[in-house]
Amino acid sequence: MPLLDVRNLTMHYVTKMGDVHAVDDVSFMIEAGEAIGLVGESGCGKTSIALTLLRLLPDNARFLGGQVLFEGKDLTHIPEEEMRKIRWRGISMIFQAAMNSLNPVYRVGDQIIEAIQNHLPISYREAKRRVSELFELVGLPPEVIDRYPHEYSGGMKQRAVIAMALACDPKLVIADEPTTALDVIVQDHILRRIDEVRKKLNMAMMYISHDIAVIAEVSQRLGVMYAGCLVEFGDTVTIFKRPAHPYTVALMSAFPSIKGEKRKLQGLPGEPPDLLQPPLGCRFHPRCAYATAICAQRAPRYEEIEPGHLVACWNPRSGRA
Amino acid sequence: MRKSLAFLVLCGFIGVAQVLNIGIFEDLTTKNIWAQIGPDATVWNTYVLGGQYSPLYLSVPPTWTWLPGLADGFPTPFVEENGSWVATVKVRKGITWSDGTPFTADDVVFTFNVLLTEVGGMRMALALGGNWPSYCPDSLAAVEKIDDYTVKFVYSAEPGLGEWTFGALACPIVQKAYWEPKFLAALETEDPAGSLLAVVPGDDEPIIGGYDLARWEPGAFAQVNKNPAYFATGERLVLYEGGGATIENPRLGYQFTAYGGATGSVLYDLVEGPYVDSIIYPIYLNQDAAVLALQKGEIAMFLNPLGLSKGFEDRLKGTPGVQIIANPPWGFRYLAFNMRREPMNYKAFRVAVATLIDREFVAESVFQGIITPMYSAVPEFNPFWYNPDIVVYGKGLSHAERVAEAVRILKEAGFSWDAEPKVVNAGTRNEMVVGVLPDGTEVPAPKGFKLPDGRYCPELELLAPSAGYDPLRATFAIYIEQWCRELAIPVKANLTGFNVIVNKVWAPEGFEFDMYILGWSLGNPAFPDYLYYFWHSSQDVPDGFNTPGYRNPQYDAVAEAFLKAKSVAEARPLVFKLQEMLAEDVPYVILFDTPIKEAFRVDEIAFPYTEVLGGIQFVWPLTTVKALK
Amino acid sequence: MIPRRNVGIEPLWKIRARLWARSLRKNWGLFWESRIGPLGLAIILFFVLLMVAHPILMATVWDPRVYDPVVGFDRAMVGRHPAPPSWAHPLGTDPIGRDILSQLMWSTRSEFALGVTSALITVVIGTFIGAVCAYFGGVVDTFFMRLADLVMLFPFIALLMVLRSIVTLDLWRLALVMGVLSGFGGITIILKAQALTVKVKPYIEAAKVAGGSAFHIIRRHIVPNIMPLSFLYMMFNVTGAVFTEAVLSYFGLLDIRMSWGIMIHTAESAGYLGAFGQYWWLWAPPGAAITLLCFAFYLVGRGLDTVVNPRLRKR
Amino acid sequence: MMSTILQLQNVTKLFPVKQRTFALKVRQFVHAVDMVNFAVETGEIFGLVGESGCGKTTTGKLIVKLYEPTSGKIFLDGQDITLIRSGAALRRFRRAVQMIFQDPYESLNPRFTIFDTIAEPLEIHGVRSLSEREAQVAEILSQVGLTPPETFMFRYPHELSGGQRQRVAIARAMVIRPRFVVADEPTSMLDVSVRAGVMELLLELRRDFGVSYLYITHDLAVARYMCERLAVMYLGKIVELGSTEVVIQTPLHPYTQALLAAVPVPDPTYKREPPQIKGDVIAPINPPPQCRFLPRCPKAQEVCARSPHPPLVDVGGGHFVSCYLVR
Amino acid sequence: MLRYIGWRLAQISVTFFLFLTVVFLLFQAMPGDYTKQFIMNPRIPPEARRALQERLGLTGSVWDQYLHYVRNVFTGNLGISFQYYPREVWDVIKERLPRTAVLFLVADLLAFGVGYPLGKYIAWKRGKLSDYAVTVTGVLFYTIFTPLLALILLFVFSNVLGWFRSGGFLTPSVWLRPPVDPQVVFLLLAATIGGILALGGGIFFLTKRIGHPRPRNWARRSLILLLLACAALGWYRSGIGTYAWDIVWHMFLPVLAVTLISFGGTMLLMRDSMLEVIREDYITTAKAKGLPDKVVRDKHAARTALLPTITNFTIGLGFIVSGGIVTETMFSWKGMGLTYLEAVLQQDFPLAMGCLIFTGILVLLLHLVVDVLYAFLDPRISY
């Protein structure tokens, strides 16, 4: 049984202008101890998936179908009280904006202790000891436990947020753009540290990022999202070597690198679709260089083109045996 | 403290103390007699503290008969002695201060010596300010003791009523023993008058009147207790129809008869108390609260110099146990012209405006009887001084007749119009100045009011208190504006703050106004000396009281004679004459005043009489009222 | 090079008008959603109706001699004033026989005039000074901010009580004084803070780089961007002005011939105020009118707040 | 033949540190830009690379006169622009130099339509006629790829996507035909798929208008793609400068090396070594006179602690390095 | 911190000096003077008025008067009241201030106590019917014409129900022979409130160290109950309990009025501030941590949103003079507001200026207090 099994997840936001098709029929699995990446551009629904998993969606979100099986339990249907226990203990999250996910009026240590005491029946002293262990783990000096968030630098805050996410030994940690606002050298440090911890504690990890270079370095398997749909999913190396969906191909060729030959970048024509009225058929077809008539009529099935490599495309570029 | 203890012991002997609750609207501002008569001379201080000290002579309500207080009989007539004028006054024997010490001529002499002392280039009386200067007129040269019970007053010139009868003799007397050390200490300081005013008397301050201040809880209430040593307790005063009066004080063994004594039927038979052990004056900061308290029986009455408004009257009318008394006012509200300016300097103009003012209409229709129209400078409710035979311009005329009359007067004096006002539909409901005559000719709206020399009349400002300060005067001003405008007389009512008016009328440079409406309350009804101050030409100086700038040598002469008169009988025809002149020349148009209406609980308080000019608050200092509970 | 061509399909002003109408529609939608805003607006419209109806009634149905709000009185009812509501006087008459409804309607105009004038003055001053302080900073900023601190030290009503004995405070002067005082006070600080958030936006820098003068930037960029907030505070200021006028009139401190505050003051000084049930028509209509109008402008202000501040919107 | 369009000589910008207690003299300064020298050739794209807070944006703003340098000279076409104060000279300068800002969401006035935004510089520079402005705006819109222009002209920024907005921002900068443009991270906020398009557009515009760029970025990969030459900045100082490929292939300064080592590579099979660097960046408030990189330098030697900040020295082929250890 | 306070005090002195000057000029600009009231009495000769003017310091050049005044104020001498001549202004303020202070302190605290939780609650329930209902009610009370509310309360509670007296701050019959001055009782009441607040704060901080939330809350509640019981017992045993109770009983209606009027302000501010805070990421984080809704609302959202509300509350305390005018008039509560009103109407400049200056000092000091309070409440701020 996989740790997390997301099946046909569909979620819309209700607005005055109509429904925003934020997550549409998304399915994927995460095994225990595994690191997967979710890559896509802004507004493609990556963060919405994360929030759906923790059931932290805003009021206007409507869950329209599918299942989220965590250790066999369907998170979409359990009562709130039970869900509250799963949060942080089962699934925790490193939020996108670490700067803002610490409450400025409480000491950083106390905010972590609060999370621990909320889930585990241990004393303040014990909890504090645990926090200093966590701090050591993420590379923070223990003397900053009793400081306030504003006394931390950006990198330290990010580390503290990671420590907080690990506080209750969760089985799955969702890292939503954990390093976006950071400089490359700090980013490198932190990504390496997370990876070490993950291996040490044998946690599953779900990275969410728009930066495929980062995802390439840290994840074993990888999903590519476009306009609310998961268009490709598979082993990271396979996808980089044999990208099947035209969007994945385009994404990779749009990305400059400091290694290798300097090559001409291929921008994608057009703009990402308006999720209030997503295009019929394949959502990518208006921008797709390989679109055929059927792409505009019917959404492609999400199917395996080689073992463990799933693609939703009528005309995949490679890999189809 | 000691006094309250004594009071407590007393109550213990005679059973439950009788207490009256009487509401007031403002707090005391001082306990010091010098300040109370001086710079702190507020009516509220007088209500509460006025009972502590007595003068030698006083005008006794309700008839305002002038009678001895601490004095024994009337003073001797003035005789000339080495260029000064001298009279003697005897004080009563047997009177004691509340501390038990006897009251003697020393106290009288001391009181006047304080006032006569020269400090910093002026007399103490002036330095103290307030009402002191009137008790110590300039012509008073010295006050000397002849024996323990006789005092000699020395004047530099023969004094008139104002300087003598209603001046020095009305001065409250303080105790020498208590005040002398304080006075001497004050003299040592840089500002003796200021230091004297700054003395805070303690509970041991001896008093001579009926009620003694026992407690003052600032902002909440004041309490006075009866003075067991009050000299007049049990004193019987009988006032007769013929003006006679008798005083009989069994306690002092004192008897006195004046003005012909017991002739005619008895008007009032009053026996001094105090009948109440203590009076508590709770302070209410708005009338509504006081009215509610009166309705609930929290208080027996409340004191208010202006009397009840119509609304309070309406509300209290149906309340069981509450009686409402209406008394005539002693004051008037008036329109003043600045006779230094054009066109107010024309008598015709003033007369025309006076003709236009329909007091009865406003009084009866608009204000439905809550105001009383007035015509003479002496309110008619003071029959002794009031002259009923004076000119009243426009009296009894209809609106159309008034317009016609005013136009006639103005035209006669040379005023003119571009389009002259004409009355149409006179006598009907639709009478107006503009419209169509029965023969079909159209009457244009009057316009272009011109002075006799042919120039257009400048816009005239009529200053009046805003509706916020006094809706009655504001409304009157608006009507006057309307009536004048109807005749194209360019009057503009400026309804503004009281201070603004006062500061324009009494501007430092002189009198900066065209017309204004204000009111006067008139002091001692027994002696209308305001007739001198308001219209005598000597007062037509900056800061003087002759605001219209009325200069009539004839008036001046009569007014001066009035002040110098030796008796009221001598003064009366002069006052009549003054009223006639004023009515004729209209420096003021006397407009109206409101009757003083007061309410009290008949189940709690009983008054010996309720008809008194200015209101039952003048049944003062409440030594004759009884508590019924 | 692409050849130049004129794209003027429509005159510019038409397009702008359409855009303006569209943004108005959108903002109206947001305003409507706040629910309390439209409630306030409805109340204000009701008062506008009263205001407009008065001169019409005076010219047609009402005899000015009877219904004039200041000098009218009903001869037919002498001795019965203050009279309770009747057909002739739907809200009764006051102690000196004037029609309450007429007074109420007539005063509406002055309340609006007062509120709107003073609020406009406040907002114009506040916006201008706020923008200038934010843009230039330095001495100008320090001067006006200290001035604002100073103005805010004064209790408003207390200050007006002093001022009214220095100058005759009629309606327009009161509006001017209130407008100027609150213009130099707190609102400057709020608008300056808002202008500061605008000032640091890159588009200001872009305008500078494009060569825009300080005046150009303040006029075209800063002021339009703080205008919505100004407008919002204008609503609150109207409430403040109406309320202040009422309080001062109630104390009899203003030199106005008629207003809602004066109406209550008339009842009070004539002694009818404390007798609640008995003479309710004297105090209830003006009291309710003051409260309602203040309430309405405040609600509109809060409704606008949800339009102007996205943070307050429903997600 | 290449000519220098822009030259910076010993340009320094100090920002006073806000002090709460009142002092007559400000004692602490952030050395945002410290004795910076470089030159940009006509038609060249010159990259300025560094981490946040290194002073690269300040340098850009100094060039467009949003800031005035504390000391040093900046020459545009041989004229010292720091001396320009106002009047016609400033107007000419404003026409010649423009800037593209990082954040397309914030750099457009939300109350302006696209037309208003782009026409604003025209208006300022005296294009009075409305139809003329309309024509020019339409033209530049099609040039930046927003076609047909009519559909974009009267929209508001919030109705456009990020890429479109950045194109509008570029159009605003280009509409008065500047000769030099400072592009401050013009693509860092954009999605990957539109980023390439914008970069291509900038290159195209250089071709069409012959404009030169100072291209500011933190992303070495982007710099590599866009620039002919680049300079690496660290805490207000340029530590390495040279032609792009040379610097990226053979970085000489330890900081450049660390920076390059930290850049993730979009290739899951490539395993990078961790960059050799210690600690965190500290703000350059009254920095000590030694090499700015000294506290974090993995290769620091005794000479570094003894000597002042090393000068920028040509090590051959126009490759400049500021390090004592590279000679 | 101390350095900062010193610097702020220096700033405050400058502002205060300017304020003083403006106040002085303002009253100088008022036409006429106190002695004008004697113009109504023709028997008082002009010389007497001039003597009085001299004594009251109304003669001499404006500049001399100004210097004199400034010198006096900075030596703590606010001059002598004209109305209460020759009492010192400070003496009059000393008598009136405790009444006003206790009344408004209690009312403001109550308003805060009502407004804060309500604001918290409706922000959390935003868009629901309860939100609209409470908001509209709050706004209605906030904008209600104050005299009207006071009259309604007086009518209902005093006239119809007869529960309270119609005004004043004490019952004369109770206070005929009191062992203490009412001022003392007011001061003691203020001290009690202050003490309860301080000790309550102390309890809060002391129990902070208790590890687990449940025993912590239990300890807090019981200790605070104990504190209140001790305070009540203390008053009961003091022997002046009846007097204190008389005052408290009189306070009821004015306190109710002020509370009703001002709770809306706190509530709406709290609501807006909360709405801003609950959009922050740390609220989502707190929810993601699995914390119960109530904890997220009270501990994370409300605590941070409290800060602007506190500012508003504290600064608001300073304006007891202007805020008090209406309330004090309506309820016959002779405090600072009424004193000021009377002083202005009677042109008692020193007293009116004294009231204004007092307010000025109070507001300025409260600004400082807010700054210091912020340093305690908001760790981001340090001086």
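Going by the order they are written in, the chains are A, B, C, D and E; count residues from 1 in each one.
To be clear about the criterion, a residue touches a chain if its C-beta (ideal position, glycine included) is under 8 Å from a C-beta of that chain, and two chains touch if they have at least 3 such contacts.
Quick caveat, the model's predicted, so the values are computed rather than measured.
Participant: To get from chain B to chain D along touching chains, fewest steps?
Facilitator: The fewest touching-chain steps linking chain B to chain D number 2.
Participant: If we look at chain B and chain E, which chains touch each of them?
Facilitator: Common neighbours, chain B/chain E: C.
Participant: Centre to centre, using CA atoms, which chain is the farthest one from chain B?
Facilitator: Chain centre farthest from chain B's centre: A.
Participant: Counting C-beta pairs in contact, pick out the pair of chains that comes out on top.
Facilitator: The largest set of C-beta contacts joins the chains B-E.
Participant: Centre to centre, by mean C-alpha position, how many angstrom separate chain C and chain E?
Facilitator: Each chain's C-alpha centroid was found; their separation is 28 Å.
Participant: From the mean C-alpha coordinate of chain B to that of chain C, what's the distance rounded to whole Å?
Facilitator: About 46 Å separates the centre of chain B from that of chain C.
Participant: Approximately how many whole Å separate the CA-defined centres of chain D and chain E?
Facilitator: Averaging C-alpha atoms per chain gives centres 55 Å apart.
Participant: Could you state the distance in Å from the CA-based centre of chain A to that of chain E?
Facilitator: 53
Participant: Counting only residues that touch at least two other chains, what does the list for chain A look like?
Facilitator: Counting only residues that touch two or more other chains, chain A contributes none.
Participant: Hunt down the residues of chain D that sit against at least two other chains at once, touch-wise.
Facilitator: none
Participant: Find every residue in chain E that makes contact with two or more other chains and list them.
Facilitator: 30-31, 151, 154, 159, 329, 347
Participant: Mind listing the chain E positions that touch chain B in their complex?
Facilitator: 30-32, 36, 38-49, 51-52, 55, 82-87, 95-96, 99, 151, 154, 158-159, 162, 165-170, 172-173, 175-177, 182, 328-330, 332-334, 338, 347
Participant: Can you tell me which positions in chain C touch chain D when the two form their complex?
Facilitator: Residues in contact with chain D: 2, 4-9, 12, 15, 19, 201-203, 205-212, 216, 220-221, 224-225.
Participant: Mind pulling up the chain C residues that touch chain B in the complex?
Facilitator: Those in contact with chain B are residues 70-71, 73, 75, 78-79, 81-82, 95-97, 164-165, 168-169, 249, 251-258, 262, 265-275, 278-279.
Participant: Flag every residue of chain E that touches chain A in the complex, lowest number first.
Facilitator: Where chain E meets chain A, its residues are 211-213, 280-282, 284-292, 295, 300, 303-304, 377-380.
Participant: Which positions of chain B touch chain E when the two form their complex?
Facilitator: Residues of chain B touching chain E: 4, 8, 21, 27, 29-30, 35, 39-41, 122, 125-134, 191, 193-194, 197-198, 215, 217-221, 223, 280, 282-286, 288-289, 292-293, 296, 298, 499-500, 502-503, 506, 520-521, 523, 529-530, 533-534, 543-545.
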